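Heads up, there are several structures right after this.
You will see chain A twice below: alongside chain B first, and alongside chain C after that.
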Partner chain A sequence: MNASFHSRIFDILQKRENIKYLFILPTGIFLFLTIIYPLGYSFILSFHSMNLAKPYLGTHFVGLGNYIECLSSQRFFSSVKATLNYTAIVVSVQFFLGLGLALVLNSVKSPKVTRSVSTVLILPFILTPVAVGLIWRFLLQYNGIINYFLSLLKLGPVEWLSEPLSARVAIITVGVWRGTPFAMLVLFAGLRSLPIQIYEAAAIDGVSKVQCFRYITLPLLIPFINFVIIMRVMFELKIFALPYALTGGGPARSNEMLSLLGYIISFRLFDMGLGAALSYLIFLIILIFILIYLKLLSKAER
Partner chain B sequence: MRRNLRKVGVIVTITVFLLILTGGSWCVAKETLVKRFAGTELNFFALAQVATEFVKDEILPTFEKETGIKVRMDFFAWKEATEKHTIEIAAGERYDIYSISPSWIGVDAKAGYLEPLDDYIKKYAVDMDNYFPHARAFATVDGKVYGIPYHDNPVAFWYRKDLLKAAGMPVPDTWYEVLDTAKKLTKDTNGDGKIDQWGFVIRGETAGGGICWTWFPMLWSFGGDLFDENWKPTINSSEAIESVKLYKDLFKYSPPGFLSMWEVSKAMTTGRGAMATLMAGHVFACDDPKQSQVVGLVNIANMPRYRERSSITMTTMVGIAATSRRKEAAFQLLRYIADPINVERGGLPFKWCPAMPFVYDLPGGNRWMKDIKGCLEVAHPGPTFPELYHWYDIVGNELQRVVLGEKDAKTAMDDAAAEVYEVMKKAGYYK
Partner chain C sequence: MGQTMRTKKGWKEMVSYLFLSGLIIGAMSIAIFPVFWVFLSSIKHEVDVFVIPPRWVFQPTLQNYIQVIIENPVFVRCFMNSVIIAVSTTVISVIIGSLAGYALARFRFWGGEILPLSILFVRMVPYIMLMLPLFLMMKSFGLLDTQIALIMVHTAFNLPLVTWLMRGFFMAIPPELEESAMIDGCSRFGALLRIVFPLVKTGLVTVIIFCMLLSWNEFMSALTLTSRDAKTLPIAIKEYIRPMGILWTEFCAFAILMLAPLIISSSYIQKYLVSGLTEGSVKQ
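Let's look at the complex of A and B:
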């Protein structure tokens, strides 16, 4: 029996078309263990009641109980409102600022200058989000350096992190600072990929620069714009590190974004089932946005 | 006579011989016991504190030499440790020994994550009477001991003696005297139109229950409490509401923002704060010229009073994970930490605040010892029930809303009490 089993395996591996599976097997196992299994486990957990601080209560199936608890919670809807508000403003500013920077970079003739400037501009994006949050918390302190310069200009000091509205402005500002380089980089790549011949033809036809931008550049950039908006919205809807590091979700939960709420429920209150359910609701919100956006896009294309 | 003398001589000889024999074998037994775990490796989840650094730098070298047990310590800051330790201890076998705060011990003990230490304490004759009564109370859950206290860090009243003297003001004794003094000491000292000296620096972050820990001494001082004897919330009693109003009033004289423990300490060491209430263990930094601009100028005193003086203390303990496979070896380290000789070595020059009262009475201690002991003597055992994290989340949020002016004290505390009631009801406290 063993011998025939081994020889069967050997025969399968001998066939050339089966070798490719052998090569992807390690990655497949890794992906299964790090993505598929945790996703499946957390999905099943979202239908159970489980508190890590009270293991003596056991784990019980509660059906949609966790989802209903989330959807009937005032705190959840405050979080949704804060997250949507933050995302809408941040993504809009990131896009326009990123587009502006990309256009400026695209107009620079020297590749050396372009490379150096874009390397510097990309730095905020590659820094660790928690480190960014902690550095900005330090800068935005009442006695911090930002208030020092604002005082010199007779514009401050501002209580950045102690009032709900100013704390929201601070988080948005840092979010824009951090995410704009991504938008800039993608749109710059898009601008560089546009065919020069169309612009040459437009120049011959006497098209103005504004008309060029409106009727040539923007339509051709649509795929890149879509990519930027979808990616930025997905990222910002899941924002965690900035509100966590800057204000801990405060003051008084005013900047408690959805992912941060999920973190608090799972890792401070240790209600793992409820936290898992919340994370899938976040996933649904992102999915709904993407579906609506794609539908609007296809309508616009038609 | 000669026969009697001979008899006595034989008896004495036999007695001495037996003593030597048993004494020798006892020494061999002790040596065998201590060396029995040689070669064992232990992992220690440690709170990042001066006390645990003392354990790493001063206790571990001799411990490892004497026992042959190797210990690896991983340090975690308070905020991260609060969130991470439950995950680690629930997950299982990574760590044998844990630093435990009073906020966690109730949860961990009831969840079965910690090993009861009573049998080890009896076997190795660890004298728990060496500790402050509140430290013993913290370490005990449902009649069983789960931790050995080592660092007893009470909230104390800090003040700048030079600023009070310059203003001609005595050290305030009551909470309303603190408020009055804070108002007078909050000022723009350099004429730039911006306040740069704050009368009372106050901790207000919600993470880790920080804002609640600042409020607790005020609450108890006013005669309030968290629950009644039937676990019904009493945080909306008239005494509690008065204490919340005081908390809000004091906030006006604190730098803007809901400060962390570190930020309060920094405000004092950089000379921006005139008074504060904060863990006594941090005052050590005020006399460190590398960190402080106010060396020798910060004193601590016992907590202000209203009806009574009250403090709260962070009695950090060390405990053993129930899943550890090296429990008895781990207890050898706990014994070393509990040894009064080691406690005296660390506590006397004020490396940290020991949980044993005798150290505070020894000569040669630092200038704060007497007042720290005073705070420890009025320290309440902090809350340690399983729903504590949820309680901190609810009450901390409402306290911040009061400070922001979004709610008045009564409405906020009524809302908090109602929400806490629902949590306790769901947890089965009310039949």
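Let's look at the complex of A and C:
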């Protein structure tokens, strides 16, 4: 009885199609428990009022109350503005700088040199973000090294992290410092993957270098460009550790990016229902941007 | 006449060569300067750090490192936590993620492309959205401030990427190889292990690097789910921000110690990171 039972199970498992469920099961269960279920829980929570700091108030249903509170909050809109502003500027600079650097690196023939250069250039991208934030906080102090270099250039010392505008510039600069290597290396890999034959044919036909770039290189690089932009936008919209470490959202909440605001609402004010609603709004914003980008993409392809 | 033409071309090439090299060296300096300056500051006495103009020649000291490692027990404990969590996460993510990636690469599931795309979709979720319910869930299971909690969460963060990348790597290998092995009597799983596995070695290394990197550097879940026992390095370093003032030299030593593994393995990381990412993602 036992033997035939086991061999029957084994037969079912061996059958071509069925083993696929076995392979995908652990991942599926894990993701369900740690992502899908929390997402649903968060969704339901967003329609309730729950404040862990005021447990005597209990948890009750408030419908769209939390969402309305978010959407009518000045703090929320400043955060949206700050996040969008930061993301737009940082991703653009990362892309153009990255492209420029990739082109420069591409003109280097020796693979040893490109490897050593890549090794150094990848550092800003792989270092722990919170450490990077704190390091720049160290560098940007009023009597720190950055101000020293600036004073040598007569650009004067700047009170970087205490003024909203200069703090924004600082956060953007650190964001660019951190993400440009990624853009550069992906675009460089893209450039290196382009077939030489096309360029040789173009050279024979007498195409100028600029035309080469516009009509051959750029179109062929598009999948890499899309990859860089989508990855960077998705990452920068959710940025948390960097602004947390650099200014904690300050000065005066001027650089309170959305994820940071979500953290403050949920884990400093412990207003869980509001935090849940806020995070769904953040998710919506990210979704909208991805969809807009994809729409623009399919339009451009025509 | 011919000679003048050659020298002209030589000049132009040399100027552009110098210009491009200058750009590259400039970029490298910008990339490495913060780390360099922090390292320099970490071997300075407190007194030498904030002098204007900055001191390039000074009496070095290991006092800060001694303070971080020996006098302050936090560092060693957090280092162990980070290592244990990163390694466990990587092992679990890579094993079950690769299996899932293989299944998605070889078989058709109901919904066709929806399942793989939803994996990508999950990556769009801002982590803050998950932290709230995860915090409440961990609280009710009594798992707050445990390594297990972080291992589970980091694995959850890693799995979509691992699955997506491994799927890409598996799709690059012709299925005929496994099929011929199975005709010879191998089971599907056996074929996977013996034939396909050696061929995706570079893909596996890429994915391992990603998982270790993500877990080592992870901040948000460590911040919300730990307080003392399971504290990881990123949390320990953020605690240098104290209202009473920051011990900058000690912070620099801590930072260098924490970032040293990353810096040392950067050439290794660089090799696999971008090639793996683009091969596994861009071409899908």
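The working rule: the second predicted complex is superposed on the first by the 286 of 302 C-alpha atoms of A that agree within 3 Å, B and C clash if a C-alpha of one lies under 4 Å from a C-alpha of the other, contacts with A are read in each partner's own complex, and residues count from 1 in each chain.
FYI, contacts are C-beta pairs under 8 Å (C-beta built on N, C-alpha and C of every residue); 3 or more make two chains touch, one makes a residue touch a chain.
The structure presented is a predicted model; accordingly, all values stated were derived computationally and were not measured.
S.K.: Once the shared chain is lined up, is A:164 touching chain B (first), chain C (second), both, or neither of them?
M.R.: In the superposition, A:164 touches chain B alone.
S.K.: Per the contact definition in the header, classify A:229: touching chain B only (first), chain C only (second), both, or neither.
M.R.: neither
S.K.: If you count the residues of chain A that each partner touches, which comes out higher, chain B or chain C?
M.R.: Answer, by number of touched residues of chain A: C.
S.K.: Is A:122 contacted by the first partner chain B, the second partner chain C, both or neither?
M.R.: A:122 sits against chain C, while chain B stays out of touch.
S.K.: After superposition on the shared chain, which partner residues are touched by A:257: those of chain B (first), chain C (second), both, or neither?
M.R.: Touch status of A:257: no partner.
S.K.: In the superposed arrangement, which partner chain does A:145 touch: chain B (first), chain C (second), both, or neither?
M.R.: A:145 contacts chain C only, not chain B.
S.K.: Scan A:41 for contacts with chain B and chain C and give back first, second, both or neither.
M.R.: So A:41 only meets chain C here.
S.K.: Scan A:93 for contacts with chain B and chain C and give back first, second, both or neither.
M.R.: Touch partners of A:93: none, neither chain B nor chain C.
S.K.: In the overlaid three-chain picture, which partner chain does A:102 touch, first (chain B) or second (chain C), both, or neither?
M.R.: neither
S.K.: Which of the two partners, first being chain B and second being chain C, lies in contact with A:270: first, second, both, or neither?
M.R.: first
S.K.: Between chain B and chain C, which residues of chain A are contacted by each of them?
M.R.: Touching chain B and chain C on chain A: residues 141, 143, 248, 267.
S.K.: Contact residues on chain A for chain B in the complex?
M.R.: 52-56, 141-143, 151, 157, 159, 161-164, 247-248, 250-253, 264, 267-270
S.K.: Inside the complex, what are the residues of chain A that reach chain C?
M.R.: It is residues 14, 16-17, 19-21, 23-24, 26-28, 30-31, 34-35, 37-39, 41-42, 45, 101, 104-105, 107-108, 115-124, 126-132, 134-136, 138-139, 141, 143-145, 148, 177, 181, 185-186, 188-190, 193, 223-224, 227, 234, 237-238, 240-241, 244-245, 248, 258-259, 262-263, 266-267, 272, 275-276, 279-280, 282-283, 286-287, 290 of chain A that touch chain C.
S.K.: Spell out the part of chain C that touches chain A in their complex, as residue ranges.
M.R.: Result: residues 20, 23-24, 27-28, 30-32, 34-35, 37-38, 41, 50, 52-54, 96-97, 99-100, 102-104, 106-107, 109, 122-137, 152-153, 155-156, 159-160, 163, 187-189, 213, 216-217, 219-220, 223-224, 233-234, 237-238, 240-241, 248, 251-252, 255, 258-259, 262-263, 266-267, 269-271, 273-275, 277-278, 281-283 of chain C touch chain A.
S.K.: Once bound in the complex, which stretches of chain B touch chain A?
M.R.: For chain B paired with chain A, touching residues are 82-83, 86-87, 90, 107, 110-112, 192, 194, 196, 205-207, 255-258, 263, 272, 386, 389-390, 393, 397, 400-401, 403-404, 406.
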